[in-house]
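Take a look at the structure below.
Chains here go by letter, A, B, C and D, matching the order in which they are written, and residues are numbered from 1 within each.
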Amino acid sequence: MSILIDRQTRLVVHGLTGREGSFHGGAMLDYGTNVVAGMTPGKGGQAALDGRVPVFDTVSDAVRETGANTSCIFVPAGGAPDSILEAVAAGIGTIFCITEGIPALDMVPVAAAVERAGARLIGPNCPGATSPGRAKVGIIPASIHREGSVGVVSRSGTLTYEAVQAMTDAGIGQSTCVGIGGDPIIGSTFLDVLRLFEADPETEAIVLIGEIGGAAEEEAAAWAAEHLADVPKVAFIAGRTAPEGKRMGHAGAIISGGSGTAASKVAALEAAGFRVAGSPTELPQLLRDAGYRG
Amino acid sequence: MKIQEADAKRLLLAEGLPVPAWEVARSPAEARAAASRLLHETGQVVIKAQVLVGGRGKAGGVKLASSDDEAEHVADAILGMQIKGITVRKVLVAAAADIVKEYYLAAVLDRGARRILLMGSAEGGVEIEQVAAEKPEAIVRIHADPLLGLQDWQAREMAFRLGLGRHLKAAVAIGKGLVRTMLVNDADLVEINPLAVVRGGGAPGAPGGEEQLVCLDAKITLDDSALFRHPTHEAMRDPDEEAPADAEARRHDISFIHLDGTIGCMVNGAGLAMTTMDLVKRAGGEPANFLDIGGGAKADRVAAAMRLILAEPRVEAILVNIFGGITRGDEVAMGLIEARRQQSRDVPMVVRIVGTNAEEAASLLEQAHFETATTLDEAARKAVAAAASQSAGGAA
Amino acid sequence: MKIQEADAKRLLLAEGLPVPAWEVARSPAEARAAASRLLHETGQVVIKAQVLVGGRGKAGGVKLASSDDEAEHVADAILGMQIKGITVRKVLVAAAADIVKEYYLAAVLDRGARRILLMGSAEGGVEIEQVAAEKPEAIVRIHADPLLGLQDWQAREMAFRLGLGRHLKAAVAIGKGLVRTMLVNDADLVEINPLAVVRGGGAPGAPGGEEQLVCLDAKITLDDSALFRHPTHEAMRDPDEEAPADAEARRHDISFIHLDGTIGCMVNGAGLAMTTMDLVKRAGGEPANFLDIGGGAKADRVAAAMRLILAEPRVEAILVNIFGGITRGDEVAMGLIEARRQQSRDVPMVVRIVGTNAEEAASLLEQAHFETATTLDEAARKAVAAAASQSAGGAA
Amino acid sequence: MSILIDRQTRLVVHGLTGREGSFHGGAMLDYGTNVVAGMTPGKGGQAALDGRVPVFDTVSDAVRETGANTSCIFVPAGGAPDSILEAVAAGIGTIFCITEGIPALDMVPVAAAVERAGARLIGPNCPGATSPGRAKVGIIPASIHREGSVGVVSRSGTLTYEAVQAMTDAGIGQSTCVGIGGDPIIGSTFLDVLRLFEADPETEAIVLIGEIGGAAEEEAAAWAAEHLADVPKVAFIAGRTAPEGKRMGHAGAIISGGSGTAASKVAALEAAGFRVAGSPTELPQLLRDAGYRG
């Protein structure tokens, strides 16, 4: 098993006919992901990715015609919140929003509407997820993965690749790697993803990759201390050298009023039983130290 | 994007909030003229340094004056002053209020709750972080419903809990106005500190002597991601406080933050860029900047990033760390080669490119005699060593 | 409140919707002048009676004209025409559109679903009730979320389901615009029929020959309960179509609807007022009006209600039916006594007052020699009988 | 038993210090209703109704201090929607909104918010409810009632009084009389109230008093045919002589496009097993004819 995506995933790519959508849609299909549909308003009836995937005008058409159950959104920032709501209304249960640069206040009602509908949103401004050997949704490079039983959750993109590559190089595979996104308002938090990993019988260890800003790492740590006490847990926090009051690229990565510092996150994670790495390359060894034998 | 107090007050006024009259002056003479127009209100003006950093008061950037002569002298002292490294180029002149009591009120985006938070305290005038640390129970927090918005009853609740029942109507209008200002402008933060009960004078058209509730200071931070739909907001970017490098970075869609170290960093991805800085520090160096060239960075953006880094004379080595995903390693390599060809001064560079098209990148870099590294830790160590030998060389 | 087509079009234009240019004329000469300004667009103008009733076309109130002479003649024929009892006093003159296809699109308040409904049909140009009855599957219904509003994807869905994919952008803008027009103006209904694909000309600034989507006719009904917060809307009330009695009723906060019978009714409560009419009819009479004097009606409102009823010369008897609750029976009785003292003509009156202070009312009425009744059925019978004897007397 | 209100009702009156609020608040108290609190912003700390009822600034204060569980709203139209939301947020389960003249579109989000919170709203523009001998909330005159077992539900005010008076005069008492209000958008429909009556063991017969406009009577009839088949059911519909396209006083009472006529409602009710009266005075006899023996 795995979380969020697997062989039962039937993916509709919003914006499949666009530049990003077609590039990554093709990569997902090549990886073996069940890309069953594309959605681009006005291009309904066409076929994308060399004729392999039908395109629909609306998500509800895609769901009705192809049984899509998962969305991956490459729509530009202005239209992405609406696209999330369209997926929710069409009954899609799991929605990945890759789009970056969505105004934060746009996400406030959207996140509430997703929650109200009982759907699950990953992102926005996230790289997606990969369940190695089963499916990949989003933009994470396929090459870095290896099948296995470590669950990886991260706020970041390339930093995640770095960490996952280090694990793969050390012979440690992943059950699912999830990038939850670096925006201030995101659909699923570290905690939400940890809950899924806890319920997944195949996930035997956890890697959490956080960064400065907010308190989501602290919240997840407190929960993990109680619910993942016996699970090997390691973490890395980026931004130890970040100055206060400056947004470090990610809209959410900012220390304000002395809160959201790397130090407070490292302390909370260590108190919760995580081993915290000084560099992503140390993660494999720390997993071993924590008792992971997978 | 942070905006100046005067701009923040303008946005509040546009939403109908009570903000006492003010003027902005760029010279002692302008300040004198402004004071002469405002002194009649309460017999005193306050002159405040306009800089985008906190702690202006403590730094001596806020002073009172009781005559136009004094206003001119005070403005002369404040203009040109350095506050946390920023030179004061403008002052705000306003009628000094006869303050009865100060409050704090702000609309902020609460990321954890994923909704707008109206936050208030009867302990106004001091920094809210201090109140939060010393007397957390003195902070009232009311979340706006994510679908319904802030309701009138919530604004009333805030007013009653702050003890502003005597100013109920005004307090409700201000509470709702803060959230509206936030929504209309796509702000992350709209903060009034102090919100004050003042005696007469404070606001234009107010009957003398009567107590009223007014916004004495205002701080607004705008969501950078939403600037695209507020074309007029760009004009509020203060050119006096933006380094040329920051403007250049914005033009090229590069996330760039200047720091005080000697090792320039060029990275793709915000998390990895922070990590690269952290590892430079861990290897004994000091990063000169945070720099994220973003996804799919093309040659011209690499060249621009290089110029940004080299514009800082302190930089003694450059660490390039690229994990190819959307970004193709060979494109970055070609960008680096081109950038080095154009660059004005020769600084040692350590390049690490992994992921998509890393092999093509490696052979390009080898042909061009770049120093490369395999792991991030190794890259950081090499960059720190290069900077050290560079300093040593410079000192020799 | 129903508003004229021209006002409805103005509200749509204010929300940025595409409405071809029009002018309103009150005389054949004005219509001629308007036509001479508009004929150049498509070589033809349409002249439409401005009345607040449906079926203008069938009644001959909509005609084309190809020259200013013809426009003047057509306007002359339409002005002064009676349509469903309303005299036409204004016409709307617009460039006749070269229609490719007609659609129906409306935002309505769906009471059952308790939300706004966007309703569309590719069978435009005919009455939607007819489509609903004959071809219900041709109507597309999309509800706006009560908390999120109408989303872009919903407007797109409507466009695709109507077959307007080729005009996607315009159709989305119009669908969202209808809901916005509804919300901004507190309308119960914003209806475009037809929404039309036209060739060139139709809208100002349109490139000739190209197909575009425009709003050719518009019907808007405003929520009377919300008029208080739209001070400018009162000006759209058409004095030409409002009887003086209706204006008088509004001034006194009385719900009044004129009917064709002979028995005037004065009742407190809308449901009871309808029931009183129903029972008059059941007793063999015809109600002359619906009249609800509202809750807690005081003497002056009772007097005003009496004047409204008596203003209609057909009225031969008056039935007063009051169930006291908030309304006190004795106050109504005193109002009736005073009203009868002032009234210009003597009409038999049957009064039934029950509930709060009914006894005090009864003794007052007895002293003043009013005919009274105990049950509603009895009151209705007596009033019908009184009217019959009145007619008989009049005929005798 | 009864529905909506009974001896457990602890009522907070919104606008208790106003003209309407204090008049009807007093009448409710005199009837024996547990009026535990008033709410008027800025008058917190006062006592109303001759010092018998404490007044609070906010509903949440009233709930905390007095255990209020039911609201009755007399706030003017401009503030009433907000007052409903305040009651919902304070955890009030049953809310009566007497206020008339609320713009219909204001009620769209409010009705949705009430539903989302699982609360129950009666009205707006309604006379309230009476459970004779137990409690009365709203403005229905106390004198017309008699304790008994007929459940009455109506869209109207004085017409309801007329019908209830006729029943009382004929010796037929009521379990609860509910006026649901004549506005286009109301919180609880005929159907919602019928469901409550169905679940109330004490209610043995139903009187439904409808009027032209909308399709709520038809909807309730269809449900009753199935769920209240064996219960004596009578009805009255006002507006047989109402012309099309004119609002008959109530904002919701309008026949448009040929739908919402009295004839269609009478037909639907008769088809569902209701006996439909030609006059409110006939309701008691029809109840007897339908087999009601209470």
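By our rule, contacts are C-beta pairs under 8 Å (C-beta built on N, C-alpha and C of every residue); 3 or more make two chains touch, one makes a residue touch a chain.
Here the structure is a predicted model, which means the values were calculated and not measured.
Common neighbours of chain A and chain B, listed by label, are C.
Spacing of chain A relative to chain C, judged by their CA centroids, is 55 angstrom. Each chain gets one centre point, the mean of its Cα atoms, and the points for chain A and chain D are 50 Å apart. Within chain A, the positions touching two or more other chains are listed as 109, 113, 116. Among the residues of chain C, those touching two or more other chains are numbered 147-148. Taken as a contact graph, the chains fit none of the simple arrangements: neither line, ring, star nor complete graph. Chains that are in contact with each other form these pairs: A-B, A-C, B-C, B-D, C-D. Residues 109, 111-112, 114-116, 127-129, 132, 146-147, 182-183, 186, 188, 223-226, 228-229, 255, 257, 259, 267-275, 277-282, 287, 290, 292, 295, 323-326, 354-356, 375-377 of chain B touch chain A in their complex. Contacts from chain B toward chain D in the complex involve residues 145, 147-148, 151-154, 156-157, 160, 165, 168. Considering their complex, residues 41-42, 44, 57-60, 79, 82-83, 85-86, 89, 109, 113 of chain D touch chain B. Residues of chain D that touch chain C in their complex: 77-78, 101-109, 111-113, 116, 127, 139-141, 143-144, 154-162, 165, 182, 184-185, 209, 211-212, 214-216, 219, 236, 238-243, 246-253, 257-258, 262, 278-281. For chain C in complex with chain B, the residues that touch the partner chain are 147-148.
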